[in-house]
Amino acid sequence: MIIILSSNATDRNREDIVENLKARGFGVHLSVGVEKTVIGVIGAMDEQKAEVAEQFEALPFVERCVSISKPYKLVGKSFRTEGTKITVRGVTIGGDQAVVMAGPCTVETEEQLMESARAVKAAGAHILRGGAYKPSTSPYSFHGHGLEALKMLAAARDETGLPIVTEVMDARDLETVSEYADILQIGARNSQNYSLLREVGNSRVPVLLKRGMAVKIEEWLQAAEYIASAGNYNIMLCERGIRTFETYTRNTFDINAIPALKELSHLPVIADPSHGTGKASLVAAVTRASIAAGADGIIVEVHPHPEKAIKDGAQSLTPAAFSAMMDDVRKVAAAVGRSI
Amino acid sequence: MIIILSSNATDRNREDIVENLKARGFGVHLSVGVEKTVIGVIGAMDEQKAEVAEQFEALPFVERCVSISKPYKLVGKSFRTEGTKITVRGVTIGGDQAVVMAGPCTVETEEQLMESARAVKAAGAHILRGGAYKPSTSPYSFHGHGLEALKMLAAARDETGLPIVTEVMDARDLETVSEYADILQIGARNSQNYSLLREVGNSRVPVLLKRGMAVKIEEWLQAAEYIASAGNYNIMLCERGIRTFETYTRNTFDINAIPALKELSHLPVIADPSHGTGKASLVAAVTRASIAAGADGIIVEVHPHPEKAIKDGAQSLTPAAFSAMMDDVRKVAAAVGRSI
Amino acid sequence: MIIILSSNATDRNREDIVENLKARGFGVHLSVGVEKTVIGVIGAMDEQKAEVAEQFEALPFVERCVSISKPYKLVGKSFRTEGTKITVRGVTIGGDQAVVMAGPCTVETEEQLMESARAVKAAGAHILRGGAYKPSTSPYSFHGHGLEALKMLAAARDETGLPIVTEVMDARDLETVSEYADILQIGARNSQNYSLLREVGNSRVPVLLKRGMAVKIEEWLQAAEYIASAGNYNIMLCERGIRTFETYTRNTFDINAIPALKELSHLPVIADPSHGTGKASLVAAVTRASIAAGADGIIVEVHPHPEKAIKDGAQSLTPAAFSAMMDDVRKVAAAVGRSI
Amino acid sequence: MIIILSSNATDRNREDIVENLKARGFGVHLSVGVEKTVIGVIGAMDEQKAEVAEQFEALPFVERCVSISKPYKLVGKSFRTEGTKITVRGVTIGGDQAVVMAGPCTVETEEQLMESARAVKAAGAHILRGGAYKPSTSPYSFHGHGLEALKMLAAARDETGLPIVTEVMDARDLETVSEYADILQIGARNSQNYSLLREVGNSRVPVLLKRGMAVKIEEWLQAAEYIASAGNYNIMLCERGIRTFETYTRNTFDINAIPALKELSHLPVIADPSHGTGKASLVAAVTRASIAAGADGIIVEVHPHPEKAIKDGAQSLTPAAFSAMMDDVRKVAAAVGRSI
């Protein structure tokens, strides 16, 4: 860490802070400039540094503290240089194959789910998505069929062979959801629910961690670090768009995040163009873009009858549109050296 | 709700949608224009409308659905025109007096807490704040002393008579926290953790609901509606800054939200200039501004030695700075017809 | 346009507004609901509607006005359904070929420019970019070599045959810049400088219109409408990233904007992954993504020695990196049915 | 400036960069840590540093460059510690009195302007605002009466004695506008139009510089530095809201910016609650807040008949509402030790 003193800091201030640092066991490297004095803090472990930073910025004669280490370790590239591969029921995420997760936003009925599952399987999807527990902005909206939906998902898996990804919203449901799910999804609104992150960290079920709407890339990696530090390394990072001033789309899909995560972390990266755009008409283009940018897979909403969907109809593809998109995505994947 | 058809919608499309609406029990008001056709949907209850909106936007010949009712009821001005007053241990929030909640970010030690509590009481604060369970971006940071901290808060209340506000992060801690807290704080990162909102809704302890970093005012009111719809009407809305592109401050304090909430809702509004700015040097100005804008109170971080604070030192006031600020705030409160 | 009255509007209010609308020559379609009254305004021309909207929202008993027509015409899809093609010195933008514009941020010296021009030509670029007049956040930074740089660009065009795109910042320089440039670039900070937009609209030189940092897609199309309404239809829309809370990248490249513009407008869309990311290490991935999403071309910064570049070194590619990127981009272009 | 090397930088890399810096005439202070090496660059002038920063960040073994000096000088607090006072026709901005600028968005007719001018004068305003040249998002909207409007403003000044503030959008209009205006307004969309900033810098007419919608505080001060560095020190900084994800209000008024500017700069700060909120119902509260936060004045839109206003009717106050607001603002001003 580097501490930059204000131009009004006195010699006495400087000596005080150096003494304070030494008393905490840090090495100190002093650089007295014409305009400003800079103090290099040596030997601290990361977690301590962050705290020290906050404390010293509180001093009136400190202008700024600059951290020179990353605030995460286990999920960082320097911890593991080759990419993490996660295998669920024979499907490997993070390998040569770009993985396609598809299905309805919400599990509504057995018919709706089976129709969706068969359609996405026929078009080449590898994993079935479907919501059993649903977060909704309004308390009066539909919140999912819960356990009943989990059972329908299991039945769809039995028939199609597709592994299941589904959201867990509450630590108290974790045991139940884990009985059925092959991948646990943490939604955007829970992406900094640290209690829940720790709990899925204690589990060994793979986790799909969505980015929160206002979460920076480095904070997202720290959220993943919560899971990893509790022992679960099977984490996929899912970009689903961030909230910006643009209103034509539901969110702004942050395509930069895909190569950025690839240079910062060893974890697989999944793109969610359905939430990233909020408009079915834009999903295929952003899916192609994500694969071209290096995503390890996509998760996309498909509904047999979007106009009758309980939730997210506007961003759901019909089976026909999904199938057409898959044909195009296969070509793009091949162009970047991947199969689908 | 109003459904605007695309200019390429056919007569057949129009008839289909009208039939569909009638089959769902809605009244329909058709307005066929030169450029576009607009369908008014009559008689639906709010919650249904939101769902219908999503479904119809999925139709390729529908351009847009416009909701004409508010997505919340119980917390809205039309439900209750006069302001809600909440009383905790003799302190009334939402009345003529602007209420001051102050104390350290985190309960660190008995000494630190008692010193803080005495100082804020002496300067005129009405309620003591202090964190027992702390959300931290990094898993390696300090997460609070938990139950032990709650007990220290209770001891500080015993001595000073100040009621306590403290955060609850996990539904599983709710019972414990409720035993000690006079006001339950829901933090920004849990502001859309709907499981937790429902649980504090089932409680009868007053709730201080912070705004999430990327939460719109209408979504925030829907989060409050979760609590109210579960039966707990004792809700305070706490503006604590939103996340924007500006980096000089930690957050952008949304002063507009104060009068906006006052015209949309009957709930008391509290300002948090500590998180809203992230800089101790800006706290007093934003506190004065909040009271001048009509806030019913403030919550502010005070630490006897900010440079030694475990968290949020940079935004914590010293007791002396807090006391000086209170003198100024009193004058501003009087100027807008309130006492402190 | 649709006017939604507040729930407290009286019959008298409603009659007043209807009369007012009729007096202005509008047709009126009234829909009195249980909760709210909705007035449809018929027959207005677009420009009038926008003004009427502002006026009526000022009335205390009007809750909201909803526009149902697009605020632009000439650049919209409904004005021209097939895509606009723009040809400069034999290079067609908006056709089957994805067009690559490359070169240094700033024209520094004859050697630097010629080295850049030869390198990008050798790697397959179609158009040479280079700044003669440079906007800089600081008044003390370098502002470009002006006319001298324009002459160097012309010399580079003479040798390589590559047409030139360069920025014009001031209406007073337009004549000079137009003498040399094949395409006039309007920079992000001038994207709503309406005087300048009108002037390039009066010109017939093709225009590359960058999106402003906080400009919505619909506002961007209105900026293009300024140019088109003055008579110049040769406009390319250039996505270069928007400003968000994310700080790891310089801007957030809005990949959604590419298919969104394609469904709203007939104008060619160009991607600028250099400014869109601000980091050379991310440029190739976002370039591939843009082409996969349907962009008609890219504009990218290439410098023979990025570490010596006067500006934008951090986001400039070396000739070797550019050449390697081009190989990959060719494959992606082929996958979406385009040549390069 | 501080250069932080990547953990993979070799000794050779380090020596190269040190040599490079010395060759440019910089002093170097080397700090080799266990994890990372940090190089302090000594003796550079600000403007050079910024350029060096960009160049060195381009090197693959440099992780980050951290500037330790402010990117502006003349407008900074360290250049001049006491606040700048600007006097126009006897009205002093930046002194003990908080200054009120009020009037219609746009000069429409002589009657409308005179009615507005008399009303705002009667309620206690010190300066008359009114637009002669108007930026509009749509090319088809009204763009102001230009010279004719300037003459009407001068007539209103003759009658009421109120000095005039009006916008200049184009350097080519500067001479004409300067003949009539007492204060030149630079609008938000031109806040980084550097050609125009330089031109008003060459003038000696006081300037009201609005903040751009996506402009950071430090960039805004650099825009002011453009004007100051050309010789015009009579600059007022006008906060008018920034663009965020919130849609209930037109912009998010950044109240933090007021005390932030006061600690960074000696220039007077003016608040524009009309654009900062976009809603007449919120203007009074944000005006009170701005004065309480330390603003040196406000600029506010008042129209005799907001519902007939050509532009900005929704955010314009009636004379009666303005007058009532002034009564409240006087009390708040007094509470913070200022007159009005």
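First chain written, first letter: the chains are A, B, C and D, and each begins at residue 1.
Rule of thumb we're sticking to: a residue touches a chain if its C-beta (ideal position, glycine included) is under 8 Å from a C-beta of that chain, and two chains touch if they have at least 3 such contacts.
Predicted model only: the values in this text are computed from it and were never measured.
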Return the chains common to the contact lists of subunit A and subunit B.
-> C, D
Where centres are the averaged C-alpha coordinates, which chain has the largest centre distance to subunit A?
-> D
Averaged-CA centre spacing for the pair subunit C and subunit A, given as whole angstrom = 30
Where the centres are mean C-alpha positions, what is the separation of subunit C from subunit D, in Å?
-> 26
Where the CA atoms of subunit A average out and where those of subunit D average out, how many Å apart are those spots?
-> 38
Chain centres from averaged Cα atoms put subunit B and subunit C apart, in whole Å, by 38
Can you list the subunit D residues in contact with two or more other chains?
-> 214, 242-245, 247
Over in the complex, which subunit D residues touch subunit C? Could you list them?
-> 46-47, 50-51, 54-59, 71-72, 135-143, 169-172, 189-190, 192-195, 198, 212-214, 219, 222, 225-226, 229-230, 242-243, 280, 306-314, 316
Within the complex, subunit A is touched by subunit D residues 2, 4, 7, 29, 31, 33-36, 38, 40, 42-43, 63, 66, 68-69, 78, 243-245, 247
Touching subunit C in the complex: which residues of subunit A?
-> 214, 216-218, 242, 244-249, 252-260, 262-263, 276-277, 279, 281-282, 284-286, 288-294, 328, 331-332, 334-336
